[in-house]
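Note that the chains take the letters A, B, C, D and E in the order they are written out, and that residue 1 is the start of every chain.
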Amino acid sequence: MTSVGSADFIRILPELILSVFALLVMMLEPVTPLGKKTVLGWVAIAGVILAGLASFAIAYFPGSAFSASISNDGFSNYLIELLLLIAGLVLLGSMAYLERDAIDHGEFYALILMATVGAAFMVASTELIMVFIGLEISSISTYILAGYKRGEMQSNESSVKYFLLGSFATAFFLYGIAFVYGLTGTTNLDVVRETLVNSPQSASPQLLWLAVILMFVGLAFKVSTVPFQIWTPDVYQGAPAPVTAFLSTAPKAAAFAVLVRVFVGSFDHVASAGPVVFWLLWISAVLTMCLGNLAALWQSNVKRLLAYSSIAHAGYMLVGITAGGAEGTSAVLFYLAGYALMNVGAFILIAHLAGSDERYTNVQDFTGLAADRPGMAACLTVFMLSLAGFPSTVGFFAKFYVFRSAMHAHLTGLTIIALLNSVVSVYYYLALVVAMYMGEGKTQVSESSVPRALGFAIAVSLLGIFFLGLFPSGLLRDLNSLHVPWL
Amino acid sequence: MIPLSHILLLSVILFTLGAAGFIIRRNVITVFMCIELMLNAVNLAFIAFARRLPGLDGQLFVFFVIVVAAAEAAVGLAIIVALYRNRNSLAIDDVDSMKL
Amino acid sequence: MATFSDTEFFLIETVIKIALIMFILLTAIAYLTWLERKVIAHIQSRWGPYLVGPHGLLQPLADGLKFMFKEDIAPLEADPVVYWLAPFLAFLMAFLSIAVIPFGESFTLAGHVIQLQITDLNVGLLFVFAVTSLGVYSVALAGWSSNSKYPLLGGLRSSAQMISYEVSLSLGVIGVLMIAGTLSLREIVNQQAGLWAHAGLFSVLPRWNLFLQPLGFLIYFTAAIAETNRIPFDLPEGETELVAGFHTEYSSFKFAIFFMSEYANMVTVSAIATLLFFGGWLGPSFGPYWLRVILPVLWFCLKLFCFLFFYIWVRGTLPRFRYDQLMAFGWKFLLPLGLLNILVTSFVMAWLHS
Amino acid sequence: MEILFYIFGVVAIVAALSVVFQRTPVYSALSLIVVLAALAVIYLLLGAPFIAMVQVIVYAGAIMVLFVLVIMLLNAGHEGPSAHRAKFARWVGPPLLLAFLVEFGVIVWKQYGLTGAASAPALDASPAAIGRLLFKSYILPFEVTSILILVAVLGAVVLAKKQL
Amino acid sequence: MPLSSHILTVATFLPLVGAAIIAFLPRENSGRVRMVALIFSLLTFLVTLALIFGFSRTAGGFQFEENYAWITSPPIHYHMGIDGLSLILIVLTGFLTPLCVLVSWTGITERTKEFHIFLLALETGVIGVFVSLDLFLFFVFWEVMLIPMYFLIGIWGHGRKVYAAVKFILYTMVGSALMLVGIIFLYERSGSFDYPQILAQLSDGSLPLTHTTESLLFWAFLIAFAIKVPLFPLHTWLPDAHTEAPTAGSVILAGVLLKMGTYGMLRFCLPLFPNASREFAGLLSVLAVIGIIYGALVSMVQPDLKRLVAYSSVAHLGFVVLGIFAFNVQGMEGAIYQMVNHGVSTGALFMMVGMLYDRRHTRLIKDFGGLGTTIPVFSTFFMIVTLSSLGLPMLNGFVGEFLIIIGAFHARVLWGTLAAVGVILAAVYLLWMYQRVFLGEVTDEKNREIPDCNRREKWLLTATVAVIIFMGIYPQPFLRQMDVSVARVLTRVNPEPVAAHNSKLPAAPAQAQMAPPPRPRNRATTGGASR
């Protein structure tokens, strides 16, 4: 019951700035003439940049805010910066797309900002109700974004499926929260941990397991692990490609952050829950990797293929979470950065190549792209190779760190399964490369030149991919020294 | 007084019914209503626990859940209306323009 | 809940109160219709009901008998359950909210303190709103279940309208709640006791919330008219457009129930307005004990009557809104005004407290 | 008082069954409203009058009205016989859920038993107390829900408006 | 001069610089692209030659070392260095790449720009593999090298090129995934990725490995290398990749890429896991012998020239593996020598098959016949290379095979015998092939019109043949470069003194009848080297 002071607001400054800019975009929307809506995109980007600066600044004001429901620590700070990066790239990559498909309303940019706010609250919250509200903000925004092409069947279906299954998952997550609250009398994760660790007899282990499983199911839907991945392919395929770029990264990163905070940060420390958490993670990691990769082998639609690939990547990240501890956490955080760079890059490039109304998203449509547009083909190839985990790209070190943490945790079996999976994944990532470089015939996809903003976004992600692929230790060192008390 | 376990059982039964409905119903709106049913079961659990624990936090959580449910309903129904405009049907089985 | 030691007495008391209030209310409603027809007729330079009884005073009775014995016709394609359910829902919701409305102070009878109110909830006002908000269903379901075009349109319209104006309705009273700091209607009324002190010329005025929340009252009352589907907001049953709106397909007794519910709702919102803004039953109280019990009830009824008269008056003078005007008025004018009212109130309160 | 809980508990369960098994969406919606109302009564019994009212006002009075309106608007009639796919989920899901229910019930029973009464530490659950808590400890979630609602408004407009 | 202290970096990344420059050239001007590629590959070759002159053949340990911290967590170093073993493979790479550029001069007409970019990038990767002394760095180059090769096969190949390319990359990836596990495991145990450091820890016992651990690690590395070699049951990707690859790709693939596998065995498997190596040497030798015989037999029945040469590689590399796992000086030096030989000879064979293909657009043996009369110069070159490949004395193939067979006899008489049978089989299929293609009557009229070697091809082939003959006559400079390195490997893998082998060596004159002149010289050098 402390009163709210200015320090509290400083610690949520990035979120505040984003919210203000989202409002600004919405207020400017009616006064912006048709055909000039891109301006709103730039306003949104300005907001993202400002929020980014703010998040750098608030790194110097660590501590909790609002009755310990928000924590401004290295962990949240890093993830917020990552989310802002994603949002920025997606905004850059979507402006031309929206204009081309004549859906360039300011609402889109506002929604992206809102979804980012929600995700940012998710990663910064140390209190489950706040997590829940953040989750809902980001989920609801993304439901809308997925169905942003209202008149288009696939976009709409994507939205329906995402919405129904997302809400279903939310109910599970919430039920888990209810039981955690019932067992510990609090929803503050730090207090939950302390209560459970200090007086383990207060909660029946079975009920705790149920709470853990329920929360896991809820989060598993969000990060799309098997068997809760059923929505992912359809949603990713149906949503407008820049939206897919966003929702395959930002909400996922946030959900992973929550997964880490809840499971690694809290329940891992609890003796009676530890094994359940461990096996839950272990099994879903294996299932997710295997199913994601195997299913991806049969896909002919690029967006769908990348959807299954993102399921597989969720599996790899789960390996890191299974490993747990400070090392597993930093590996997962590193992975999230790499994954965001390559996935966003790939999707926004595909969004451009797919042409108006995304007519060309089949692998066959990319045939011969290398001959006609070698630059774009090369970029897409780099994204694919990075996703496949070739060295000198970030995808390699992402996997490497995760697998190393797993080996440190003596999860040799899991590591080997993961490695074999990543070999299998090479096949389908190369399918696209095969089509672009080795297929015969004229390419179907859009041959218009890359708009400047999109080009910039792609350049940023490429740079990031190579920089982190060649010099990963700087970031990893930072991640290792997050100084988060719960690790 | 009413035993906590009875309230929780009621909550669990409602939750399970909601989840079952989510699985077996074929109408999008009904499915959505089943989700609402699940949320209500959660709320009941919160209230039951709040009764047992010191503080009103549990009741407050229900408040938030209701707010969230309202937001979700607004968006969800808008999505469903858009679905109907596109398909002229509300059957989930018809939502299949992408291969499974 | 009430603080009676003797459960039996409590039960008996409650049942008697309910029966009494229902009787009074139903009679009042019946004569409200008479009043309405008379007043409107006079406004329009007509006589109104004149034949049945002196000045048509027995007209409501005749109408009631007619409703009872008329053939009940239901559309063939109507949804049987819902078609039947809707009017009773309307009736239930209209009369349920009366339960928490206090209409006088308490008195002691045979050692028992009897509240002039069916039940005193500490969230009384919320209860009223809760019940009112459920009233939408009867309209919506009646419209839908008739399986006919006009009722459906009327039902949709009125649901939209009622939801929209409910927001303003609540916003209007929030100012009062902020000042009162309670949701108990009895408490709110008690806080309005006495006259304004240190107010110079205005010291003669009672301490009604109206003077603190004039804007709030206006918002509330405007919204309340819309909420009860009365002219000028009676779009759901606008004869010129929709025959009779949601109850087009209803006849006989079911129609009567809708009819009664509408008037009951009028009574409820008027009662709330009286309680929140006009000091409820407060007024000059003197004389022996029984008089001091009766007088507040009298004041209350008087204030209520003024409101009801006002309703009728409005009906007699104002034309109907267009639907889009109605919605625009609700969302673009009333709602921001309500927010502004809250904002100003909170600033003033903060300033006064510091 | 206790008997009221059981009565309304049974009402809630029956109505919930009706939500799930009615084939007409309107009946499902009405049944859900009954569930909501029954739960509101239970909340009242459990010492949460404010939440009970909010439940009725917001849930029954606003959310469910939206549902009913949409059902009316789209004139969603009977649900036809289930089509081709997803038989798997329909056959596997309910038994799984039943198992979950039983498991859950047993665990809850074991933990709290018959005696573990929901002991009421005479709480002041008045709106004022809730308001104080809301504006002190939970001010942030409260403020942040405004963003949520803004998003919802925005979304409803984006998705449902005829012409943007 | 700072350049000389970074000569390995220069040698590794010079081709990449060339590739970068080509990337900025206009795509229409393929002549300039080829020129730049040629210049840079030649420059690289010069740098690698410079390595030879700076190389001290007596010094132990690694030379031209460069060691910088690259990544701090985990401690990965940019650690490069070479010894005799890597030196000759680097030179071989440097030698073959310009040849590849030249051989594709007219054959590659589509997307020349990309082709040369990939070719030069490939060279960077390959040299990087040979110079890396950090396990991690090694792995990075090992993987990076795959991608250009994949594109070379997939884009400029023939027939089922995509299938071949994907098969190639998947096979290798499986192996390297296992190797990565091994590397990470070693790192976990030793705390370092640095090869010399790990080797030192393993040698002085500060990093004890249990028997099982060592075996598992051994197999983790060995499978990766065996796939690359390819050793018998894992060889199935090779015929496809070789056959479908463009000529330059086949040349590099046969000439250098396969050597990465055997190089890896020599560099990592044997020194790091000597006990496991000894334990499984028998098994691997059997596989090698099977490879030799199998490769030869399958070659014999191939109707396709290129496929024939491809299968002959399986046989040849079988020899190499056999030599390595003989665990004596003769076997090992022979193996290394054979690696170079195979690179040059088979590379040359692929080049010439490619030239034939460019002329006739077929590779089927039955489409040719009597070419000796129509294109005599070409036939002569082909003859020399064929003879070199089958191990005729005085040509390079002989030295290597002979040393290996001696080594194999030392290890086990049966293997030596079978290997000798393999040599005979090689003679059979190669000569038979030559006979069908070049001798006899001209069966197809189309073969009459085909032109003989042009000037570029003559130069190309002359250079190759010169090397073949030089290596056959005068092998010492090559062998001496590797003496120290081989000895180091052997002391690690053989607990008993190497001298014991040498003393036994005279006991093997039984094979003298098929090995006349260079033997004593060889013995002399090996004897000197092992001390």
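Definition applied: a residue touches a chain if its C-beta (ideal position, glycine included) is under 8 Å from a C-beta of that chain, and two chains touch if they have at least 3 such contacts.
No experiment lies behind these values; they were computed from the predicted model shown.
Colleague: A-D versus B-D: which interface comes out with more C-beta contact pairs?
Modeller: Of the two interfaces, A-D and B-D, more C-beta pairs touch across B-D.
Colleague: Using Cα averages as centroids, what's the distance between subunit C and subunit D in whole Å?
Modeller: 29
Colleague: Distance-wise, how many Å sit between the C-alpha centres of subunit B and subunit C, to the nearest whole number?
Modeller: Roughly 33 Å, centre to centre.
Colleague: Rounded to the nearest whole Å, what is the centre-to-centre distance of subunit A and subunit B, using the mean of the C-alpha atoms as each centre?
Modeller: The answer is 25 Å.
Colleague: Could you tell me the distance, in whole angstrom, between the mean C-alpha positions of subunit D and subunit E?
Modeller: Those two chain centres are 71 Å apart.
Colleague: Where in subunit A do residues touch two or more other chains at once?
Modeller: 129, 133, 136, 140, 143-144, 147, 150, 159
Colleague: Would you give the residues of subunit E that are in contact with at least 2 other chains, written as numbers and ranges?
Modeller: In subunit E, no residue touches at least two other chains, as defined above.
Colleague: Using the contact rule from the top, write out all pairs of chains that touch.
Modeller: So, checking each combination of chains, I get A-B, A-D, A-E, B-D, C-D as the touching pairs.
Colleague: Considering the complex alone, what residue numbers of subunit D touch subunit B?
Modeller: Residues 2, 5-6, 9, 12-13, 16-17, 19-20, 22, 25, 28-29, 32, 35-36, 39, 42-43, 45-48, 50-51, 54-55, 58-59, 62-63, 66-67, 70-71, 73-74, 76, 79-80, 82-86, 89-90, 93-94, 97-98, 100-101, 104-105, 108-109, 111-121, 123, 125, 129-130, 133-134, 137-138, 141-142, 145, 148-149, 151-153, 155-156, 158-160.
Colleague: Which positions of subunit A touch subunit E when the two form their complex?
Modeller: My answer: residues 370-371, 374, 385, 390-392, 396, 400, 403-404, 407-408, 415-416, 419-420, 422-423, 426-427, 430, 434, 437-438, 471-473, 476-477, 480.
Colleague: Within the complex, which stretch of subunit D touches subunit A?
Modeller: 103-104, 107-108, 110-111, 136-141, 144-145, 147-148, 150-152, 154-155, 157-159, 164
Colleague: Across the complex, what residues on subunit B touch subunit D?
Modeller: 1-10, 12-14, 16-21, 23-27, 29-30, 32-34, 36-37, 40, 43-44, 47-48, 50-52, 54-57, 59-60, 62-64, 66-75, 77-82, 84, 90-94, 96, 100
Colleague: Residues of subunit A touching subunit D in their complex?
Modeller: The contact residues of subunit A facing subunit D are 1-4, 8, 12, 19, 22-23, 26, 65-67, 69-70, 105, 107, 110-111, 114, 117-118, 121, 127, 129-130, 133-134, 136-137, 140-141, 143-144, 147-148, 150, 159, 204, 206-207, 210.
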